[in-house]
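For reference, the structures are reproduced in the following blocks.
Next come two complexes, and both contain chain A; in the first it sits with chain B, in the second with chain C.
Right after this comes the complex of A and B.
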């Protein structure tokens, strides 16, 4: 028996069980992959637009009284829905800032460290400036989403930027 | 080398070229998708960024299908 045939007996390849992909099938798969990327992008755009619409509909709410938080203190609140955790900071007697409490890395809640004047994410040691919410160290590349804060009638009011 | 083998090799080269273009376009679409996700999560990001990403992604998708159609049509004409 010639060698070219013998190896087939030693190492049989069950070609009947193999599933072959034709060029047409393979190119169709690539085309559908492209459509999937486009669909994902469409979904992300739709969500962004939806958030823009709902953010404009939100109104300012009072989240604390002026004497409720001492300078260097903080208060947690929910805005605009019960699912959106936010944090209000009093950096100076007349200076309040508020941010979304979710870390922009993996959504862990951040907490305020008055000594360093930073917001800290304990999960992966992300650090944000308490002044403007910008990411200063750690994995997060994007700053915290800030809320507009105003003081009137002895209350601290917050609102999304319209 | 028979005419059939030559034809098969030629179509193989065309397929590789088409695949290179398609893979490049798919990578670009993946990048645009990540840009859109980043913009979606950031309130500061402008809507025009996501709209531009969507337009380019649609353009890339159309280009992918056009390339595939071109290849399949060329293959059918050669056979």
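Right after this comes the complex of A and C.
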């Protein structure tokens, strides 16, 4: 076997050669990892967009009956998939609102505080208005994702904003 | 302090089998109570001859060449190091490949362990541990001038195993006039007629006596 085969260059016996990286190899490594990161980011963005497109196509579902939640009460549900935690609030006898339960800061679940009419994230003390889901205090800058709520046939129906 | 040109010389014919080298190796701080060398009994049924097995540090080490995990490396000073812990997978390829029988596999740590000529000691001017304790100086660390002055045997570093040439950093003391030690396993098979030079029968002792008598 000739001594110049590729694997012998890749796995040299002398330790100095073992830890030696040429400028060309280093540049190649940087270039390839950058391309890999770019591809990964593009894939993640594309997936997110695709999820939004498919989520919008989902139909309304009934998540609770009208008399199930007292005024000032709340109910947790999953929508549109089993992996998306949401919260339904009854602010007044005829006023229902629903939000995605994930805090927009670091995805901790938010909880409803009826006294202050706010949604509270216990992780870093983020506060959201229960009326419209806007961030009012703490680290989150963006409001909670709201769902459209409608009342039909004695049931509360939710659907993504279309 | 050791000199810059000091080298390692092995003379198995001087070995008395006391195992001081093995125990000294075991006592070295960095070896954590585990010896990296061993003592070989040549032919226990017919002779008391023993031989210390320290690494010969080949210039083109077979152990490193066969390692599938890239765990054996040779530094610029020609020393072939023991396995890199994080890489060695304990496959024992090196144990099978080494013609001198140097590396050994230690199951308890799932690692190959071999002599590294005490590079941690020689780099700060100390002799390898085994060479400092050997009572008969079968393991000798010093200059070529010194060893040729005090011994009648001469150092060689060229070997041939089954027709494959090999050059080592550590030198083997053998009869004067020998340039190459040629070993073929077939010579030692049952019924084989050895083509090997019988070093013990060579004139080394006669010549030695002549040196002493002169």
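Keep in mind that, in the parts below, the second predicted complex is superposed on the first by the 118 of 162 C-alpha atoms of A that agree within 3 Å, B and C clash if a C-alpha of one lies under 4 Å from a C-alpha of the other, contacts with A are read in each partner's own complex, and residues count from 1 in each chain.
Note that contacts are C-beta pairs under 8 Å (C-beta built on N, C-alpha and C of every residue); 3 or more make two chains touch, one makes a residue touch a chain.
Everything quoted here is computed from the prediction, not taken from an experiment.
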Chain B versus chain C as contact partner of A:45, first or second or both or neither: first
Which of chain B and chain C A:124 touches, first, second, both or neither: neither
First, second, both or neither for A:13, with chain B first and chain C second: second
Chain touching more of chain A, residue-wise (chain B, chain C): B
Of all residues in chain A, those that touch chain B in their complex: 23-24, 27-28, 30-31, 33-35, 37-38, 40-42, 44-45, 47-49, 51-52, 55, 104, 142-143, 145, 160-161
Touch list for chain C against partner chain A, complex: 60-61, 64-65, 70, 72-76, 81
Contact footprint of chain A on chain B as seen in their complex: 15, 18-19, 22, 25-26, 29-30, 32-33, 36-45, 47, 50-51, 53-54, 57-58, 60-61, 64-65, 68, 71-72, 75
Partner chain C, residues of chain A touching it in the complex: 11, 13-16, 18
